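First chain A sits with chain B, and in the next complex the same chain sits with chain C.
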Partner chain A sequence: MTFINPTFWIVAVVVYILLSIETSHKASLRFGFINLFALNLLLGWQIALGALLGVTLFWGMVSLGLQYGAQKNQNKSLVGFSILAGVTVVFIFHKLNLQHSPWIETLQALAPWMRSDFFLTFLAGLSFSYIFVRCADALHCVFWKNCPLMGPLSLFGYLLPFHMLLSGPVNAYEEHLEMDRDAEPESVPSLDRVLLILNAITTGLLYKFVVAESLRTYFYGANGEMTVSNWGDSAILALYVFFDFAGYSRVARGLGLLYRVPTPENFSAPFLSVSVTDFWTRWHMSMGQFVRRNLFTPIQLNLVRAVGIKNAGWVSLVTMVVSFGFVGLWHRISWTWILWGVAMGLLMALEKHVQTFAMRKGWNRSPWIGHALPWLGPVYTNTVLIISVRFVAEEIF
Partner chain B sequence: MTDASLNNDALEKLTGIFRILFNAPDLELNDDLTAKDVPGWDSFNHVNLIINIEEEFGVRFSNDEVGKLQNVGNLKSLLAGKLTA
Partner chain C sequence: MNEERFFYIKLKTPLSIWQITGLLSWILIKLTLIASMIHQSAGEFIYAGF
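Let's look at the complex of A and B:
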């Protein structure tokens, strides 16, 4: 399912037409139902039905867990963590990429009933990594923030939105709930809205199919593989990944605006970042927001409360390493990505210490630093980016 | 959120916390002020800000409340609600 496939665009238009039909049903339910229809056309009825069964199973567990948690309130968190643990096991199973390793035969011999070959291909076909973070966001919201649980079909639309299935962005459960609270949509979109939608979709297609593909073809040939053997290759790969990923994200954003389905922005001029910390608020922003919402803020807040604000700087070292260790593992379960995540976390904790020191000295009010930072900051950040891309290059695709 | 508002004393204390934390002696707290407007107001210092406020005013914010704060106006009305509760 790629944006170059004409079927995708036919389905995208049909979805818009179907969503435009006025009914008395909630917006999230309508999108969930039409999304099921879209996935059926794009991925086949077996995968669409399998995904619906999986979501219904997840919904059933959450629903039962909420009932049990309501009876014994002290166990609510435990139930939430247990369901999250179950989803995490499936995620790890998916991330180990066993279908491409000799382990698959061993696994099939050990548990022939599991049909691992089918199950792993099924998860890979659905880009389960994104579904996993959406499941985690939904569980956090429902079990710890008392958000209402959507019905199974609405939840299906949240967890597997066809326009965000391939490469995100990571939409927030709470924002998806807001769909049902919005005022009646205008029957004809305003000119501003149409321009925003067209801008997002056309720039997305330009990024992906013109800029990213031109970069790849120019440097590596029409059928050439992107290999990294020097620092220049690393810089080209960073640019390619940006235009490819940001392209997909822009198209998804445009379709989200068209359907009025919350679809967050994912990139904001990341190469102009003045620090690595700044970079991660501009690159794959929706994932950064997910990590802040579900990992960084709760962990940092509770740890600082426990050890006192004087130790906040040291606590941030732990929180940053845990948060970015997760981001590394989310990309791939390998030592390379774990080390990448830990290094990113440590670097950002170090930046925080430098920033705190500079603020204490009053350097943040120095006009010289104010002028130099927008120029020197991106040089430093992009150098770190190129080094980090070279480090993980073998495991990016 | 609540419609309660902070009295002058509490507002002065809150402004003091912001000025010390962000080392900005001239900072004025208007309701529309957001993290983007204050250098150094990132997710790390957001947590520090909350802990400072909790310690100064003897209140407690939930994770959900901390995550939902959009601007100083939200923070002021949330704090005012906790102080009058």
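Let's look at the complex of A and C:
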């Protein structure tokens, strides 16, 4: 299921037409149902119904957990963590990439009923890493922020939206819930709106199929594989990943705007960032917002409550390292990615200390720094980016 | 919810005829470039199946 496939675009148009039909049902339910139809056409009915079954099981567990939590309020967090732990086990199973491992043969011999060979391919086909973070976001909202639990079909539309299935962005549960509170859209969209949506989609396609692929074919040949053996390769790979991922995200965003399904922005000129901290608010933004909502802010608040505001500096350091350690592990469960995440966390904590120190000294008011930062900042950030890409390059593909 | 962020593309004023013509031309140029390149690409995304 890629954007090069004409079937995808036929399905995309059919989904738009079906969503335009006025009914009395909630927008999230309507999208959930039509999304099931779209996945059925794109991935086949076995995968679509298998995914719906998985989502219904998840919904059932959350629903039961909420009822149990309502009876014994103190156990609500425990129930939430237990369901999250269950989903995390599936995520780890998926990330360990065991399809080709001898371990999977042992597991199949021990428990043939599990059909682990089919299960792992199924999870990879659905890009389970993104579904996992959406599940975590939903659990956080429902168990800790008292958001209502949407029905199984609406939840299906949130967890597996066909236009964001391949590689995100990470949409927020609360924002998906808000779909139902919006007024009915205009039956015929204005020409301006259609043009701007078409502009977003075609720019995304241009990024991927013209810019990213031209970079690849120019440097590595039409059938050449991208390899990283020097710093130049590392810079090319960073550029390639940007145009590949930002292109994909822009197409998904355009379709989200067309369907009126919350689809967040994912990139905002990241190579112009003046610091690594700034960079992570501009690159894979939806993931950064997920980490802030679900890890950084809750961990920081609870730690400050536990150890006191006097230790806020240490709390900030620990929170940064834990949050980015997770981002590293989310990419791949390996020492390289853990070290990458920890290093990013430490670097951002250091940047925060430097910023605080500079503000205390009044350097932020210096006109020289004001002029130099927009030029020197990106040089520093892109140097860090190139070093970090070289570090993890072996494990990107 | 910030509606503008998700459902509407910011349009302070309606597009003029020149802006519409310019945008339409730019979209057509992009589509031509994409059509000329698309056969050379496997169309796979780095983060696909992640």
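One rule holds for everything that comes next: the second predicted complex is superposed on the first by the 395 of 397 C-alpha atoms of A that agree within 3 Å, B and C clash if a C-alpha of one lies under 4 Å from a C-alpha of the other, contacts with A are read in each partner's own complex, and residues count from 1 in each chain.
Please note the rule applied: contacts are C-beta pairs under 8 Å (C-beta built on N, C-alpha and C of every residue); 3 or more make two chains touch, one makes a residue touch a chain.
Owing to the predicted nature of the structure, the values given are computational and were not obtained by experimental measurement.
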Which superposed partner A:L191 touches (first chain B, second chain C, both, neither): second
Output check: A:F209 vs chain B and chain C. Expected answer is one of first, second, both, neither. What do you get? second
Considering only touches as defined above, state whether A:P102 meets chain B (first), chain C (second), both or neither. neither
Contact-wise, after the overlay, does A:A312 reach chain B, chain C, both or neither (first, second, both, neither)? first
If you count the residues of chain A that each partner touches, which comes out higher, chain B or chain C? C
Between chain B and chain C, whom does A:P6 touch in the aligned arrangement: first, second, both, or neither? neither
Please work out whether A:F296 is in contact with chain B alone, chain C alone, both, or neither, and reply first, second, both or neither. first
In the superposed arrangement, which partner chain does A:T277 touch: chain B (first), chain C (second), both, or neither? first
For A:G362, select first, second, both or neither according to whether it touches chain B, chain C, the two together, or no partner. first
With both complexes superposed on chain A, which partner does A:E175 reach: first (chain B), second (chain C), both or neither? second
Applying the document's contact rule, which stretches of chain A touch chain C when the two form their complex? 2-5, 124-125, 127, 129-130, 166-168, 174-175, 178, 181-182, 185, 190-193, 195-200, 202-203, 205-206, 208-210, 213-214, 217, 222, 240-241, 244-245, 248, 256-257, 260, 262-265, 396-397
Quick check: in the complex, which residue numbers of chain B touch chain A? 22-24, 39-40, 42-44, 46-48, 50-52, 54-55, 63-64, 66-67
Can you check the complex and tell me which residues of chain C touch chain A? 1, 3, 5-9, 11, 14-15, 20, 23-24, 26-27, 30-31, 33-34, 37-38, 40-50
Residue set of chain A touching chain B in the complex reads 144-146, 277, 281, 292-293, 296-298, 300-301, 304-305, 309, 312, 316, 352, 355, 359-360, 362, 364-365
